Amino acid sequence: MAPLQTSQQTGTPLSPAELSYLHTSLTLTPPIRPDSRTPTQFRPLVAESDILPSTNGSARMIWGDGGECVVGVKAEVERNSATSVGPRDWIEINVEVSGQRDDDAFLGMTVAESLLVPGSGVLERLVLGERFHWKVFVDILLLAPPLSHPATLLTLTTYLALRNTFLPKLISEVVEDPVFDDDWDNALPLYPVGKIPPPITLLVVNVGENIFFDPTREELSAGDVVLAVSICGKKVVGVRTLEGGSGGVGRAVVKRVIKESCEVAEEVFSNLNSVGEGD
Amino acid sequence: MTDRRRINGPLEGTIPPVFLTSSTHKSIIKRSPTTLRKIFLKTGLTPPATGSAFLELPTPSTHSTPTLKLTSSVYGPRPLPSSTTFSSNARLTAELKFSPFSTPGRRRGYIRDGVERDLSAQLSIALGKSVAVGKYPKSAIDVFVSVLDCEGGLGDAGDEAGGGVDVGLMSVLATAISCASAAIADAGIECFDLVAGGVAGLVLEQGGVVEEDRVEKSLEVGQDSDDARRGMRKNGKVTLVLDPSPIDGYIILAAAAVGYMAARDELTLVWTKGSMGWDGDSTDEVERIVDGAITASTGVRLVINEAVKERLLLGLKEMGLIRGKAVSGDGDAAMS
Amino acid sequence: MTTAPPPSPPPPNPLSFPPATFQKLAPKIFLERHLQSTPATRPSGRNPDTFRTPSLHTNSLSHAHGSAVVRTGDTAVVCGVRGEVLSLAAGTGGRIVVLRTGEDGRGKNGEGEGDEVRERGLVVTNLEMGTGCSRDYHPGPPTDFAQAVTARLHRLLLSNKLISSQSLRILDPNTEEVKAYWVLYIDAVVISLDGNVLDAAWASILAALRSTRLPQAYWDQDTEVVVCYPEVSRYKSLDVKGLAFTASFAVIDLGAGKGGKVILSDPDEFEEGVCGERVMVCALEGEKVGWIEKGGGVGQVAEVVECVHRATERFKIWEQLFAEVLGSSG
């Protein structure tokens, strides 16, 4: 169904006629995107890791449309508290958006939910003997919010930062107070190669029969449904529906979106892992 | 941060009672994985509102097990405040709030927290796509949902229900969608279709019975828990459970909540969570839980239909358009 | 309401309105006309001295220690009581606690002791109206009205001395020393509002308190924390002393010769909006009066006396309802 009105929440400057035009061109086979990208093509971006020397891991990413995101990861030693039951609060995620968008709670939840996937094995790596554990603070700073939805930018930067996070090696016994090796070369990665990597979230918009990755703001408002698919390795660990679009979608569409996301994610992972190897 | 507009507790701070044995044994009601729990849904319990509904799950409730109870009221379409810009569509906003006494563990504060804002946003997406917003230009439709009682499993720090995916928030959202949709119908607001919420999850099962000690084991986080999980995966069987409850004691590997419009066979909301703890084909797994959640919501839809129909007949009878016995009396008897 | 206007022929006189329109355009005259008819009838069909029939259900919430739902007409309030522990040993954070009596607040003779409930703030009452209960209340910080009602409820609760400090103390089993207190969080949530929220909220608070059962707690000397027994059979009910019920009235002056002043019992939202003069009487057991509030206009003493009479009648209805639902009043 063609969206007759602009989506109120995304507040696009498009008139109903422009929106209808965009919708039609996106439903064509093959579809025509306004910036002539292919459906699975991402906009160019600049990424670098290990930019903040005083953190355990950090990354910065600059998006083509002006979005800029910096993530810093810091770890502290904390005593296991008696009252807290689970290790749920061992990783604390804080999303700060300059210019304060109202939906940062939603963003924070999306990141936290996928990062704290049960069974990913991260929390087990934070245990320090019997009485202590690492407390990891992930501070996500969105310096310049992109014109489109910031979820992808945010999670890609977080992925990069976490991949480059190292924790000092524990040299004390399990029952003792923790003592660490002061040689940074011996530090252990938070996400070792071969174990389950941190998750990323891809934004996918569906228009008619077509599926588009990395949508712009205009494409978001012309879409039938906008899904944020969180992928960890080769597994889909979370799907969320975002604002935008009108009316519902058939279940076949949702399934196709999820399937294609998995394929695209694989490519994204391999590209992200090559960041930092070049320089 | 004290709230000056309310009466606050002692400054020293208070803690919820700590019990001698860690957790009281929950009675697990045997329910087959594909059986949905019974729902009590009644519209029109908040007469000052344009439309309202009350939902209770499961019903009839026993005293020992927690229930999910929520009320929903809808106001509108009413004019947008003059300060807002022109809108050719109705603006639908949804607010979900947990009552201070609704959750296990710590008492919930009055100020909206991240979880509530997140659920509110998802609720307004699920409902907004079902309402014919184009029919009501320059107007606002406000949906309020108050959770009076819930089953836990909300993923709060210190929540007892742990291990696997927290399904509590999902079932709160799904029932909130169903309840609010009934309230929207009660308000007489034009919709494409009614939305029903449904939840399904994949659980690890062993010979038809979920083993208690396995549940305990997965709660511990230690070096060996990863291996323990791997071990039990070998002899465990993964089963799809419709309408899982946090008190059932399952280890939920993946769960989905959907907002589903049955008459159009369309989804307005998809929310899935999965855990990494087992290997299976990823996309198949997601498809399975989404399909399961749709099945669950189809069952809920029948209840919404009945509640809306009941209300409609009552309204027609009040106007003297049809004759016959009154369909129902005062509905608040169900709160007992 | 969803009911559409009945299909009626267009009015013959263009200057006559259907009642609902008249009510909106000229609320005061609408109410006056109703009350001037014989016998005087309110727009809701009630007589001026008729209260709405209350209904009560208790203990329907699973995570509260006590709870109640009260519905009078279209006003419905859910109240939940939850106990949390205030530990005296956990340190007061360097703060000096000044008790008003100058003592430790614990009388040795048991009864009539220092009022720890008030001094330490052991009872926390709140009323939430931002639940979509009515058109005018939105989520967010409480409105002035909600704050005012909360303050009145809190004051009523403290001044009637319904909760004894004794039942909130947690002792060291060896030395009988007070080590901690129970703090009662009383949260009343209005789920539907059609006037007179005070009476319904108060009744729900009282019923919730009477249905409250707190776990049995003691001070564990070894771990220096308060521990509770999990067995439900060891839960103790609160020692709530006596009963007290509020009755609210709105007064309208029809003018000399037209009926004079009319006292409306248990006003609904529309009547509250029209009438400025208010009376609230808190009736106690044995035809006693605990609290009278009167404001918004000048009235005869006889007017207040009439309100007190009606309040004592109302007390009996509530008392009977409480006895039916909660068992015999202790």
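Things to note:
Just so it is clear, A, B and C label the chains in written order, and each chain counts residues from 1 on its own.
We adopt the following convention: a contact is a pair of C-beta atoms (placed from the backbone, for glycine too) under 8 Å apart; a residue touches a chain by one contact, two chains touch by 3 or more.
Chain labels with UniProt names: A = Ribosomal RNA-processing protein 42; C = Ribosomal RNA-processing protein 43.
Small disclaimer: the values here were computed from a predicted structure and weren't measured.
In this view the innermost chain, defined by its CA centroid being closest to the centroid of all protein CA atoms, is B.
The chain pair with more C-beta contacts between its two chains, of B-C and A-B, is B-C. Comparing the centres of all chains, each the average of its CA atoms, the largest separation from subunit B belongs to C. Averaged C-alpha coordinates give centres for subunit A and subunit C that are 49 Å from one another. Rounded to whole angstrom units, the spacing between the C-alpha centres of subunit A and subunit B is 26.
Residue positions 15 of subunit B each touch two or more of the other chains. The touching residues of subunit B, counted against subunit A in their complex, run 15, 87-89, 91, 114-115, 117-118, 121-122, 125-126, 129-130, 133-134, 155, 157-160, 162-165, 192-193, 219, 221-223, 225-226, 229, 256, 259-261, 264-278, 282-283, 285-287, 290-291, 294.
Here subunit A touches subunit B in the complex through residues 4-5, 8, 83-89, 103, 105-106, 108-109, 113, 117-121, 123-124, 127, 196, 225, 227, 232-243, 245-251, 254-255, 258-259, 262, going by the rule given at the top.
Of all residues in subunit B, those touching subunit C in their complex are 3, 5-21, 24, 44-52, 61, 63, 65-67, 69, 71-75, 95, 97, 99-104, 107, 110, 112, 142-146, 148-151, 186-188, 311, 315, 318-320, 330, 332, 335-336. The touching residues of subunit C, counted against subunit B in their complex, run 1-4, 6, 55, 57, 59-64, 67, 69, 71, 74, 76, 78, 80-87, 90-93, 95, 120-122, 124-126, 128, 130-135, 139, 141-142, 147, 150-151, 154, 183, 185, 187, 189, 191-194, 215, 217, 225-230, 269.
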